[in-house]
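One chain, chain A, links the two complexes that follow: it is found with chain B in the first and with chain C in the second.
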Partner chain A sequence: MSRIQSRFQGWGLVAPALLWTTAFFVVPFVVMAAMSFASLEGRTLVWGFSFENYARLLEKAYLWRAIIVSLEITLTVTAVSVLLAYPLAWIIAFRVPQRWQRLALLLAILPFWTSYVVRSYAWLLVLAREGVVNQTMLALGLISDPITLANTRFATITGFVHFFVMLLTLTIYANLIQLPPNYRRAAMDLGANAFQTFRHVILPLTLPGIVTGAFLTFVLCIGDYVTPQILGGNTELTVPQVIMVQLGRRADFPLASALAIVLMGIVALAYLTSSRWLRLDRI
Partner chain B sequence: MMRFLPWAYLLVAFVFIYLPVGVLVLFSFQSGGLPVPPFNGPSLRWYETILSDPDLMGALRNSLIVALGSSAVAVTLGFLAAYGLARHILPGSALMRGLLIAPLTVSYLIVGLGLLIVLTRTGLGLSLWTAAIGHVVINLPLAFAIIYASMGAQQQNAERAARDLGASEMKVIVLITVPMLLPSIAAAFFLSVTLSWDEFIISFLLTRFDVTLPVEIWSLLRSGLSPQLNAIGSFVFLISVAVVLLLELVVFRRTRP
Partner chain C sequence: MMTGRNLISVAVLAASGGAALAEGELNALVWCDHTDPALIEPFEAAHDVKVNLREYEGTGAALALLEQSRPGDWDVLVVDGIDVFRAVEAGVLAPLPEGAAPTGDFFPQVVMAENNTVDGVTYAVTEKFGYNTISYNADKVDPADMEDLTSVWADKYKGRISIYDYYLPVMGLAAMSEGIDTAAIGEGDLEQIGGVLSTMRANAASVAGVVAAQTALATGEVDIVVGGGEWLTAVLASEQPELTWTIPKQGAVRWAQSIGVVEGANNPDLAAEFIKYITGPEGQARLATSSCFWGMPANAKAGDVLTDAQKDILRWDQQPDYLALSQLYPAPDADLDIEMQDLWLDTLQQ
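Let's turn to the complex of A and B:
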């Protein structure tokens, strides 16, 4: 087979996928980016190059508040999920006997396969005024009146943490299990106690895995619409919720596009701050 | 005391992980009209309700069609691109790999938003098809990455041998490459089916009258808590768990050493 023929054949094989990605991802993305510089006059769209939409993000309180709310929720969720998942992964990797490990891990991530919309709904059931948590606490005499748990930021964070604890347990476990057991033994032999071994040997070695998992959590959490919409009530909105409001009754596509670009900017920033430790090829 | 701490933590963690699923499944058997304590039942009345609901069953069928169809397209395109890039020396191949992977770096909401803008601007309209197009966009990079990563030298040698013996390029792909890569092709296909089956935001933005199951569940959610939602949620969960266990036993067992 000649070189030229091989090259044509190669192009022919790659072309369908490239065309699909270009037509249905790159082109829409470019149009969306252009849209963020357009403006609405009444109901008609005026293409152009104005920073009007971005200026509105700074002026209108409900817009920049949404960015702050999204960041606060996402950072809390990321931190809490890592702190809860690490001990769980640790216990499964080093305390649960070898032959039960696969089962323990499978059980720890099984609820992952609840449908994504249904998972948030299930938390609504748990946290509702008449729900299981309130009823249990009433029965135990811990509270005298039902407390408001659903439709709060707490509910949103709980729903998110539940999902990401499962995801992070999986990624951190995969990391821990790859550590050669000799490293721990060597540290112990050299006189380190359990905490020192963790602090100076295990933690640095598993840091890339933690950061990769945390980055994934950050990206998925900040872009999610469903969880805050079902669990958060409508007292404070996140960026994806505001985007959906613009698409709905206001049909303000330029503003929605500008918000989407800001969302991408935040993710890019998160990538740059964590890129030193990121191992995206090892997910 | 310290010895029991890890086990106590494990117990608390599992309670937290299983609390919502447990409540969901338990109250799907509620015989009353509200899925909250006290539990009265068990009753299958809500399962009868969902199975005889034409909207829900239609949405279930739509979800299956979209998941299987979009995954078949994503895996086919992903396989051809992986084969082309792994077996041919092409100028700009790093750039092409980057472009094919790019949709992974963007959230589903943004992929859906971009497509929505283009579809409404060009007046093409929304349907089940447009949602399927969106699902191919998000699954193609995964399918490509999984299959590309599994293309190694041992298949290449078998392909060369087949070519030397006079097989056409088409025959090489169908008779040598695909069978040898079947485990990773199957993995890519099932992962893609799972993601498409559960995907909400793109389907929500890009469908109009015929909707997928997550979108139908979403619209039921607006009328508040109902054991009917518990039943459909538990139903889907049990199917997914069955499929996952089946895959664990059948497909992935063989690929492990």
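Let's turn to the complex of A and C:
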């Protein structure tokens, strides 16, 4: 086969993915970026090159507050999810007999099988004043009156963590089972105790799995609209919620696009920060 | 050369698969109350057609969708009564065919020619209305307190209130509590209205959309929904009769939805027939009691079709008083709209 034929064949194989990415990522992104520099005059969209929408991000307290709220929630969810998922993945990988591991993983991801929206509303009922959590604490005498759990940041974080622990468990488990058991044995042979083995051998080797899962959690969480909308009770607004408000009645696509670009910038920053450890092949 | 907007259109059409264009089909962009089969099926059977419905939330979203569609994709549009002029301005509504919706039997206050007519041309007709007022659990709060807006969001009910998540009616209620007419709201009133919103917000457990507000009231998470009304509690009435609504002494905000034919509709005659059906007594009764949300029919003749129980829930006999006490949604111009929305979002983020 000639070199030219080979090159055409190569492009032919790549073309479908290239076209797909161009049509459904590159073009929409370019349109969105261009839109973020447009403006609304009255209710008319005017194309142009204005930084007005980005300036509004600095001027309007609720806009930059939304960015801070989104970051606070996302970082908390990511940290809590990692702390919960790691031991779970560890137990499944090293404590559960191999023949039961598939079943254990299946049980761990079982909540994925229900609708995301239904699951969020279910949490709303669980955390309600008359819900299971309050009723249990009342019955145990831990509280004398129901406490407010639903429609709070706590509820939003709980809903997110429930979802992302499953995702992180999978990525960390995939990383853990790739570790040759000899590494742990060698560390023990050299006199390391269990904690030292974990701290100096296991943790550094599983860092790519943790960071990969944490990055995915960050990306999905910061762009999510459903969970804060249902569970947060609008007691504070995240960036996706503010974007929806701009679109709903006023159709302010330029400001919504600017907000979306800022979100992408934050995600890009997260990627650059974590890229050293990111190993997508470990998923 | 393909422009950015064309590209968006192509992407939207590709994603949606494009709306059907068949002769025997009607494509309607609607609110969720029109998706009840009990409303649509009789029309489909009578005309041997299929009605394709697409729900939307927010006039902005509807106008963007229409702008990105091909001419003829849509036949009928249901739109917020105060936004008919926006739809006309955007060129998406066609003049209503003569006789498509006679309003002779309508409640006079909801004909609202000033909303549905632009430059002497009628583009839409009111099909349903109701009130953004106070919904509450009669077993948990003192009904007498619900007759005064200022006591509704007083400290007594701190943490037991949910606010309906739409700035126009809630700011309308806030204005009315301060003695400001909704039609007269101006930039100079926003500070005063903002003060009321802050009080409301400080005592509220949540700011909720339709489903979340219903869930909160039904599960006892809150006992009061500011901005609620018959549209919120009527569907729950049979199972939880303690969930009810009232119009306080300061009044309530009146919402109204209109229906019209889309400019360039593929089936304008069928669209006109659909509007005739929806605004006729039978269609009106079915629309008023839709499984998504209830509301008052614009056509008073629907009273001949509704059952007594249904009329009780809608407070049919009290409508003359309610209509007199209520004021229309605030209808701000574009600049004031931005100010009002900013104030609302600022309050939510407090």
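Simple rule for what comes next: the second predicted complex is superposed on the first by the 256 of 283 C-alpha atoms of A that agree within 3 Å, B and C clash if a C-alpha of one lies under 4 Å from a C-alpha of the other, contacts with A are read in each partner's own complex, and residues count from 1 in each chain.
Convention: a contact is a pair of C-beta atoms (placed from the backbone, for glycine too) under 8 Å apart; a residue touches a chain by one contact, two chains touch by 3 or more.
Just so it is clear, the structure is predicted and the values come from calculations on it, not from any experiment.
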| item | value |
| --- | --- |
| Partner chain in contact with A:Val31 - chain B first, chain C second, else both or neither | both |
| Chain B versus chain C as contact partner of A:Trp47, first or second or both or neither | second |
| Contacts of A:Arg65 with chain B and chain C, given as first, second, both or neither | second |
| First (chain B), second (chain C), both or neither touched by A:Val245 | second |
| Chain B versus chain C as contact partner of A:Tyr86, first or second or both or neither | neither |
| Which of chain B and chain C A:Phe253 touches, first, second, both or neither | both |
| More chain A residues in contact [chain B versus chain C] | B |
| First (chain B), second (chain C), both or neither touched by A:Trp113 | first |
| Touching partner for A:Leu125 - first (chain B), second (chain C), both, neither | both |
| A:Tyr173 touches, of chain B and chain C: first, second, both or neither? | neither |
| On chain A, the residue positions that both chain B and chain C contact, one per complex | 24, 27-28, 31, 35, 121, 124-125, 128, 130-131, 230, 247, 253 |
| Sites on chain C touched by chain A in the complex | 4, 7-8, 11, 57-61, 63-64, 86, 89-90, 159, 162, 165, 168, 205-209, 211-212, 215-216, 219-221, 333-335, 337-338, 341-342, 345-346, 348-349 |
| Residue numbers on chain A that touch chain C, as the complex places them | 23-24, 27-28, 31, 34-35, 40, 42-43, 47, 60-62, 65-66, 69, 121, 124-125, 128-131, 148, 150-151, 229-230, 233-237, 242, 245, 247-253 |
| Residue ranges of chain B touching chain A (in the complex, touch as defined) | 6-7, 9-10, 13-14, 16-21, 23-24, 27, 34-37, 77-78, 80-81, 83-85, 87-90, 96, 99-100, 102-103, 105-111, 113-118, 121, 133-134, 136-137, 140-141, 144, 163, 169, 194, 198-201, 205, 213-214, 217-218, 221, 225, 229-230, 232-233, 236-237, 240-241, 244, 248 |
| Chain A - residues contacting chain B, complex | 1, 6-7, 9-14, 16-18, 20-22, 24-29, 31-32, 35, 84, 87-88, 91-92, 95-96, 104, 106-108, 110-111, 113-119, 121-126, 128, 130-132, 135, 162, 165-166, 219-220, 222-226, 230, 240, 243, 247, 253, 256-257, 260, 263-264, 267 |
